[in-house]
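The following blocks contain the structures, represented as structure tokens.
In what comes next, subunit A is part of two complexes: it sits with subunit B in the first one and with subunit C in the second one.
This part shows the complex of A and B:
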């Protein structure tokens, strides 16, 4: 297998077309399997959207195989999911209730769709009082198919496979800031982030501890009620008094600051790297996950290109010297793609470092992309179906 | 000897790692067909319940009013730092069997004497926000005037085919 050299000297194709197609075939079949129900039951909008999503996911995987690059193609999927999820979600809300705000009547009837971001807040009350502090329903109902049991079930299953890679293959919010981070050519505040990265990385852990303890003490999902930036683009409690107005103000300020402005300025996923408590919680699962990124110290020249390219500051000079990423690495592949010496490699724990890294990458990508197709693909299909439905010339 | 041992160890570890990676793939394939449902069932059957501040708690008894019924719930007490008042939930159902104007005196604690008088007009359009009045007939409860969906402890709202009323309790009288 051809080895990758520098980005500039990189051969135009990492793998031949035939071999790339062959390696893409399982994902193509998986995509067809995932969207089979759309072809069997739903209308023309669904057929078109399913077909487009199958083509989209399969093509991106093919390009990963053909070029040997991961980050670039994953990012296209991830940003598409990030921007299309709120579009489809808001369209569904407006069609159903005419507003993005969730009235208290829907909360007491258990109709709030469950979001995985609240999971850490639920842990202590669930463990010690057997109580779920979320206004949803435990089992799916006709009015709320996104039940707590179903969403926690899918999160847990996917976390076993992806670990922290959930944040770069499955999170339907992260793509928004990754999109804004992709716009500018120049990165600003780079020196600040490099200098204070070690402290900035600790903030999500501090917020996680605060959110878990405060949620247990107040018996309410503190992150959802006060700190979630993505409430601004999904649904939020209806503004009915000063408290809910303040909450709404915080959601909008956090969204604009952490998801739009700072990613645009720094080219980093600032909400994910410096704020998200769920991301910190998810980092713990990297310990039990088999896949990771490692550095071949014999090839590494300490150019820190990998550190600069990392969207969540999951690398430090010390960690690179030790040949490892930090615990919050989300396996997006940015450092591997950026490394001009092929020193950053995909790695399967237990195997020697830098021996058959492409095999490790393939094993990881099949699982990750299969789940990305299952979860992200269905999100994309829903949103695309909504767009197709609204086409003026249809 | 040491080199041989080290090589053997590396080999065993590699075999285990690749077996684990293979299993991960199997798990990934099983997620939508088997595992998703298995995990869902596990979560559903560990005996968890929704916080009564949202669900209203457990049903105490049902009062039959002929065409409709009134479901009275157990009083909900806030936990130590919980930001809600103690309340009791009353549900009128089915909403489509209710008269246009509802006025009901309800015995909440089961002592045979009415505790609150609940009154509201039922709009023909189910999407029209509901407002109602609650008059406390003893010191245990707090009266509400023209209340809608203001807070989790004070509300008269429509949810589907039900009217949910929450009456706050006087903290000093709650045991």
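This part shows the complex of A and C:
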């Protein structure tokens, strides 16, 4: 709705075709470079999937350049990644193990794929006891390429460039709820969100502190063991007793509640905005990140369209009055696209606000889209290759 | 010779406390951090709260030292298997900790605390509790008798000592060794007390109360059904 209204406010073509193609060329070349190995070694499934993903990512970037809108096109990529990630991941698990559950032998041998969500829980045990409290291997192995060192390295490199934009360009879970939030036309529970938003956005911080303290006390990744909604669609400890049954119940309840039902009702990313401790941890990196969204107070008419459009309640009336977003802004671009007065702008720290904002947007998008192609593109390619492999006419 | 043995066991207790301090820190951290964060800003106030917490913790240690020494002579070497009340005690302590977290860290409405005035941006739900001595004392005592792994090791050793005074000295030294690890918590006093920090601390206390409550009930259910 927000992007539709902004489409009405803007001219039909923000930029000419030739100029848009020219600006898209670096991303097209980057995509080719990223998927070059797929063309050199792998089979036909991989070739087809790589080609489709290159086209997909390049076309979306071209449309960003052509229309001047960010949120709508980013959301297509993000939702596709969110929905296709569990598909490819589960298919790989079933092909390898025959089940989604993790057998205890795999945990003992340190063969569990590492997930970036657990990173904050590792800090205290690593600092005090020099122990990684996750049943994965530090370095990649043949059976488990998603090792701890590789995943933390990728996450850290991307976080330095993206800040909290990780949550809207690289997280392979957030797209699921963004997809469910995109379905309904009407926004429900709006009054509740507006009234209690100030409290709701603090919950991820509380969960972060709780998870870090409890993980240090129990010497186990508490979030993975008890609170991760996405265990319901990836992998989970095999249900063998009452404890694991309770854990599974919590995973399913959180997934249905926070990732399906509430996003559908509120049109917000409720898990990301009101629950995810990793998102809160990621917010800290917004302090050192170069890019941000600012508000030109001379143009702003306090219509609060930006606040309504924000999927994670990262704007308050006070913050808009100060010309800033809150710390939990994930730079998805929804507020910029929704603003009819062009008061919400992309901004490069250290430069004057609202002077050449498109330049700041371009710089940010080149970094963000290059990393989205690298991480999300490979996830998409993997899942598409699995689908192509299963095609009945093959 | 007896004095030499006493000083040797005191030294052993001190080293044991120092060595297992990080485990104590991890075990008591979930209780101390939210409690400290709901206090007004300032190292002095935090120092007072930490002193009360540690004093109550020491009292818990000494009570436990007396208890293990008294039962120590009456039981065989395998204490955990023979003492069936251990699970009941652990479950009960966890439930009391859960209740104490809710009552003291979250608190019911009291007179308004200057450091916790709600900002205009936030909706007023309830007033923040004023700093209470009883909170630090109750939480300190309950963590003091909570059966964490280093504490059990010290308990086994104290039960083997010949005199009650030796068991008390052993736990006093063990406490001194572990208490040093708690001083970094004073740095929380430097953290700026915005209304958001206090609300987050109260939320953490609720989450931890749920965790202790769940843990306590699980232990009691397991004890009831599996003996």
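FYI, the second predicted complex is superposed on the first by the 386 of 394 C-alpha atoms of A that agree within 3 Å, B and C clash if a C-alpha of one lies under 4 Å from a C-alpha of the other, contacts with A are read in each partner's own complex, and residues count from 1 in each chain.
Keep this in mind: a contact is a pair of C-beta atoms (placed from the backbone, for glycine too) under 8 Å apart; a residue touches a chain by one contact, two chains touch by 3 or more.
Given the structure is predicted, the values throughout are model-derived calculations rather than measurements.
Chemist: Please work out whether A:104 is in contact with subunit B alone, subunit C alone, both, or neither, and reply first, second, both or neither.
Modeler: The first partner, subunit B, only.
Chemist: After the superposition on A, what does A:199 contact: first (subunit B), second (subunit C), both or neither?
Modeler: second
Chemist: Now for A:137: first (subunit B), second (subunit C), both, or neither, which partner does it touch?
Modeler: In the superposed model, A:137 contacts subunit B only, not subunit C.
Chemist: With both structures superposed, pick whichever of subunit B and subunit C touches the larger number of subunit A residues.
Modeler: Result: the larger residue contact count on subunit A belongs to B.
Chemist: Which holds for A:157: it touches subunit B only (first), subunit C only (second), both, or neither?
Modeler: It touches subunit B, and subunit C stays clear.
Chemist: After superposition on the shared chain, which partner residues are touched by A:363: those of subunit B (first), subunit C (second), both, or neither?
Modeler: first
Chemist: Using the touch definition from the top, say if A:209 reaches subunit B (first), subunit C (second), both or neither.
Modeler: Touch partner of A:209: subunit C, not subunit B.
Chemist: Check whether A:217 is in contact with subunit B, with subunit C, with both or with neither, and answer first, second, both or neither.
Modeler: Both partners, subunit B and subunit C.
Chemist: Where on subunit A do subunit B and subunit C both make contact?
Modeler: Common interface on subunit A, subunit B vs subunit C: 125, 129, 217, 219.
Chemist: Which bits of subunit C are touching subunit A when the two form their complex?
Modeler: Interface residues on the subunit C side: 22, 25-27, 29-30, 33-34, 120-123, 125, 196, 199-201, 203-204, 206-208, 211, 218.
Chemist: Considering only the defined contacts, which subunit A positions touch subunit B in the complex?
Modeler: Residue list for subunit A touching subunit B: 30, 34, 103-111, 125-126, 129-139, 143, 147-150, 152-154, 156-158, 160-161, 217-220, 238, 240-241, 290-291, 348-352, 360, 363-364, 366-367, 370-371, 374.
Chemist: Show which residues of subunit B lie in contact with subunit A when the two form their complex.
Modeler: Result: residues 10, 13-14, 16-18, 20-22, 24-25, 27-29, 31-32, 35-44, 46-51, 53-56, 78-83, 149-152, 155, 157-160, 162, 164 of subunit B touch subunit A.
Chemist: Touching subunit C in the complex: which residues of subunit A?
Modeler: Per the touch definition, subunit A meets subunit C at residues 124-125, 128-129, 195-196, 198-199, 202-203, 205-207, 209-210, 213-214, 216-217, 219, 243, 316-318.
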